[in-house]
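Supplied in structure tokens, the structure appears directly below.
In this document, chain identifiers A, B, C and D correspond to the written order of the chains, with residue numbering beginning at 1 in each.
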Amino acid sequence: MTKHVAVLTSGGDAPGMNACIRAIVLSCERAGYRVSGFLRGYNGLLEPDRITLTAERMHNLIQQGGTILHSARCERFCEEDGLKLAARHLNEAEVDTLIVIGGDGSFHGAHALKAHWQGQIIGLPGTIDNDVDGTDATIGYYTAIETAVNSIDKVRDTADAFDRVFVVEVMGRHAGFLGLSAALASASDFVIVPELFSEAQATLAQIRQQIMQRQQRRGPVSYVIVLSEHVWPGGVTRLCEEVSDITGLEARPVTLGHVQRGGSPVSQDRILAVKLGTHAVSLVGKDVTDIMVGISSGAVVNVPLQTTWQKQKTLGEDARATALCLMNQRYQD
Amino acid sequence: MTKHVAVLTSGGDAPGMNACIRAIVLSCERAGYRVSGFLRGYNGLLEPDRITLTAERMHNLIQQGGTILHSARCERFCEEDGLKLAARHLNEAEVDTLIVIGGDGSFHGAHALKAHWQGQIIGLPGTIDNDVDGTDATIGYYTAIETAVNSIDKVRDTADAFDRVFVVEVMGRHAGFLGLSAALASASDFVIVPELFSEAQATLAQIRQQIMQRQQRRGPVSYVIVLSEHVWPGGVTRLCEEVSDITGLEARPVTLGHVQRGGSPVSQDRILAVKLGTHAVSLVGKDVTDIMVGISSGAVVNVPLQTTWQKQKTLGEDARATALCLMNQRYQD
Amino acid sequence: MTKHVAVLTSGGDAPGMNACIRAIVLSCERAGYRVSGFLRGYNGLLEPDRITLTAERMHNLIQQGGTILHSARCERFCEEDGLKLAARHLNEAEVDTLIVIGGDGSFHGAHALKAHWQGQIIGLPGTIDNDVDGTDATIGYYTAIETAVNSIDKVRDTADAFDRVFVVEVMGRHAGFLGLSAALASASDFVIVPELFSEAQATLAQIRQQIMQRQQRRGPVSYVIVLSEHVWPGGVTRLCEEVSDITGLEARPVTLGHVQRGGSPVSQDRILAVKLGTHAVSLVGKDVTDIMVGISSGAVVNVPLQTTWQKQKTLGEDARATALCLMNQRYQD
Amino acid sequence: MTKHVAVLTSGGDAPGMNACIRAIVLSCERAGYRVSGFLRGYNGLLEPDRITLTAERMHNLIQQGGTILHSARCERFCEEDGLKLAARHLNEAEVDTLIVIGGDGSFHGAHALKAHWQGQIIGLPGTIDNDVDGTDATIGYYTAIETAVNSIDKVRDTADAFDRVFVVEVMGRHAGFLGLSAALASASDFVIVPELFSEAQATLAQIRQQIMQRQQRRGPVSYVIVLSEHVWPGGVTRLCEEVSDITGLEARPVTLGHVQRGGSPVSQDRILAVKLGTHAVSLVGKDVTDIMVGISSGAVVNVPLQTTWQKQKTLGEDARATALCLMNQRYQD
């Protein structure tokens, strides 16, 4: 009997989610599976609200940001009755495989569902924060870096014109992947991310010393600091005030905000989305469940869903090298 | 004896200032004039800090944001002694013509200088706010619209994904040109600009009614509001709270900030910069001074500097039509 | 009785056609008119192939390139029987107003239709070539300039790296608007457009002299020539050979081609599209027909359809100034 | 005594070469090394033509395409006397380490130099073609994919509007990395790359069958083929003719050409350039030479220079998966 694959997007949206939905639908059609989508994340499982997905609808979707399946928070889903209701709706719809595109929070829910539903559950990492353990990259991460870097490139123009300090706050939730990559690729002068941040006063002293050194060497200077959200006590505005106090220079805040979540995905996110989505469909009916399909050292891998959140993903060798490079930059001029 | 033309950029930087400097330098070289630049706006006239500008240095400059002459505020310049000092330095440097690229504030200064200096003074409009009377467009305005629209396009992706309200604050100082154009080109649902804003409660009621109408017609909706800076009592965050209160929907703020000031100029700004800069040089030595070179109905025009600030530039016929179009959009879906 | 407005897009597609369709549909809905679209240009009138257009469908359309109504050539339409058939189908569908978005070729057809159909006919200029008389700009023109300039900016990187000559062929049909604007905004070294081109040998001599001058002054140089299509005998490849022959330098051709036709419209095209589309709908039922709605000196104007092709649109004052600026650039370094 | 590091860029330029030069210079300054650059690839070693590189000069360089050290072919270098001359100039300049940024052709030269010069030789992979064995990615590859995909996204707009076939020729030299990635990320309908191409008639039959299937299912269709350069007998124009002959549809060629070589590097290329450049400097004075520093499974690795060209780099596991995904797409609608 024909397999029925259902997909949903959950948590914060990320560029490439649509490219992934497209890859899943096209792969299912090729394999001869039925495929449908639940709307607004787990809410679609509870109401239920489900649409049939066809290859027709996928045309010109690879380049669109956001998610045509919509997303939303859903507290109720994680309660016992919510999970049971979802299981009932999945059975009524005769779904064989549920594919959840989202972050570790969404995978928590998917894993919890397993206790109440016998079907196959596969997670695909979709978040701009890249804070999902078990995969080197998440769908949306590359685009968010690009968006942040393009914005910082623009901010630098003004920083240079006015020999002014700018502090640019980027997203990243509790991880520094986005902040570190954006700072590195934008040749920013300083970066403050959770993993490398210890103490405010010490950090301020470091910034001050560096700015002073440069001023002595070449007069007025511009200086761009990349700050990850949720790190600095008092936030980006407070940091600006403190930098002004210790340096006597004007420091202006820029908060990139939700702009980082949208936009047409860059090629790397499109390619990652197609790889992961296609691989997920290749697992349909196989004896694997409660897993996430990720990418590791360029190869597609399956990891148990729990691993994606049980241990906080830390900046790896790769990222430490990145940090080191950035240290170099600090002496750039 | 060879004419000596000096240039400076003042006020907020704007994409295309470098393209304009380039056009001035190349035109001067062709006419056989010497050309130099004063650094950091009027500060360069007081210190003095002047560099020679050569055609060589202009290569690959047309596409760069910011200003290689730097910019900065300069309170002291507008005081009697500041103006006298500037005049003395201009005479010592044997400058025949001073070209000031900036906004109406900068033109104030240029006009004040006239009482103390006999040389020729020409202003060129360079600001992303387009709030200079006597010209249809200012250098940097087109790029700022593009930057804002690209960002709003991204925000809409998330707004649609979450059926959420977003309020995007754009620059514009005390004018709504940037806000209105950005809202129109991004197909935003509502726009709040100084010229069209009267009263907060009435505006909130209008927004509420429109959102309710749409929800009744099609369930969850996304809604994007473009807000000009300095307009809403309490700012963008307060507006979000108020919209949430009256609609019961989540409303998130996005402040584009200084990103709007930088970036490689779009073609229209590059072309405008070349036209105005080239025309300014064609006036060197002619019997015109204390004027701004602007663009009006596609033609380059000279207007007295005072006219650029004496009357607040208002949204013209063109802009009213734009506003009308936007009203249509409000019923878009 | 409710008015029925029909729209079609004809001729080469141009970025902003969708934004214009959207503005028409939203304006019609607001005015309470029915609105539908004929597919594949005039072919849709002959088959007939017509779809109803709703505001729902217009969401997120403003930023899309191409045309959802599709376009195609249609020789048969211009023959007597084709026009009669189209008229019959328009009457059967009870269309009151036909809006044609396209270039002067398409307007020819629209004008010819008038002899056989009593309804109201309105043309809107949509082409990247800006070669429609009676309007300062056409929908798609601004985006094509941007696309060409972004490409030439990239080509210049390689030209500089290799101190090499590049000839970039851009579109424009028989007009030099696109070529001249692209050359100016990209700071290209030379431009060859129909209006300014007389004789090949003289042009080659000019190029040779300029390159030689620069080499004497500063050794190896890069040199970028913008060439309009259909101008050079033998085309861009032949020109490269000839430039190599007279200069002894490598000259490489780049043909931008159809890339110039697509892409998300820049803000200026989106705004123009909204203005013209909205104005067209405001004319529905009024005593005007067989006209094109264009933009002149920033104001929306109505001109008889014939004027759009009867006289070849020439580079105006504006464009001559542009050319003059470019001449300056040729001595840039 | 202070180490002296010299850098040069050779072969085709690639976005990110400047970012790599910057990383090398900043790392050298931090380590206390002297650093200089030879101009125009190996030509700079023969003339000699060498400049001192300072951190000052590196400001705002990370985002620039091309190479400030210029590049050029240099036949003479590979001859005995050329290599000897280069060695003498390197000794006269007291260069300890020579870093060559380029492709396998350039590495050939670097390796040949080893027989005549005792200094340390390090290669860094810089080419848009990604055809260097021993590294997963080359500097410039990611940007070229992005440029190609952005162009194909635009072409698709026109393809859809006219239900037309387009064949887009991309670079890649003799490898299909760029073609395959561009086709995948642009959701193209068919891809022809060296590694997957066997026989023209079979390929044409495949294309024909696919187009016919779609037409039967849904009438007029658009169809985009990505073609790697040097693969199709007669090139892209010939392929278009042949596709037209067998399908009866219009097929238009687009050759992206040198546009793919330039432009501001995307973040991934900037990051790769910083990693490789910084690592190369960390090797200065160590007992390794005649090697290339590459990236493998996310880790920086050193491989003997010969390995980079001795075996043709083939599409790996990764790329085959990519190809498989693309096969899926062919049935997309």
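The working rule: a residue touches a chain if its C-beta (ideal position, glycine included) is under 8 Å from a C-beta of that chain, and two chains touch if they have at least 3 such contacts.
According to UniProt, the chain labels map to these proteins: A, B, C, D = 6-phosphofructokinase.
Just so it is clear, the model here is predicted, and its values are computed rather than measured.
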| item | value |
| --- | --- |
| Copies chain C (6-phosphofructokinase) and chain B (6-phosphofructokinase) - interface residue numbers shared by over half, same or different | same |
| Chain of greatest Cα-centre distance to chain A (6-phosphofructokinase) | C |
| Gap in Å, rounded to a whole number, between the CA centres of chain D (6-phosphofructokinase) and chain C (6-phosphofructokinase) | 34 |
| Centre distance in Å when chain B (6-phosphofructokinase) and chain C (6-phosphofructokinase) are each reduced to the mean of their C-alpha atoms | 28 |
| Cα-centroid distance, chain A (6-phosphofructokinase) relative to chain C (6-phosphofructokinase), in whole angstrom | 40 |
| Set of chain D (6-phosphofructokinase) residues in contact with two or more other chains | 153, 156, 160 |
| Chain A (6-phosphofructokinase) partner contacts - residues on chain B (6-phosphofructokinase) that touch it in the complex | 9, 13, 15, 40, 64-67, 70-72, 147, 151, 153-158, 160-163, 166, 220, 252-259, 261-263 |
| Residue numbers on chain D (6-phosphofructokinase) that touch chain A (6-phosphofructokinase), as the complex places them | 22-23, 26-27, 29-30, 55-56, 58-60, 62-63, 136, 142, 145-146, 149, 153, 156, 160, 181-182, 184-187, 218, 264, 266-268, 270-271, 274-275, 278-279, 297-300, 316-318, 321-322, 324-325, 328-329, 331-333 |
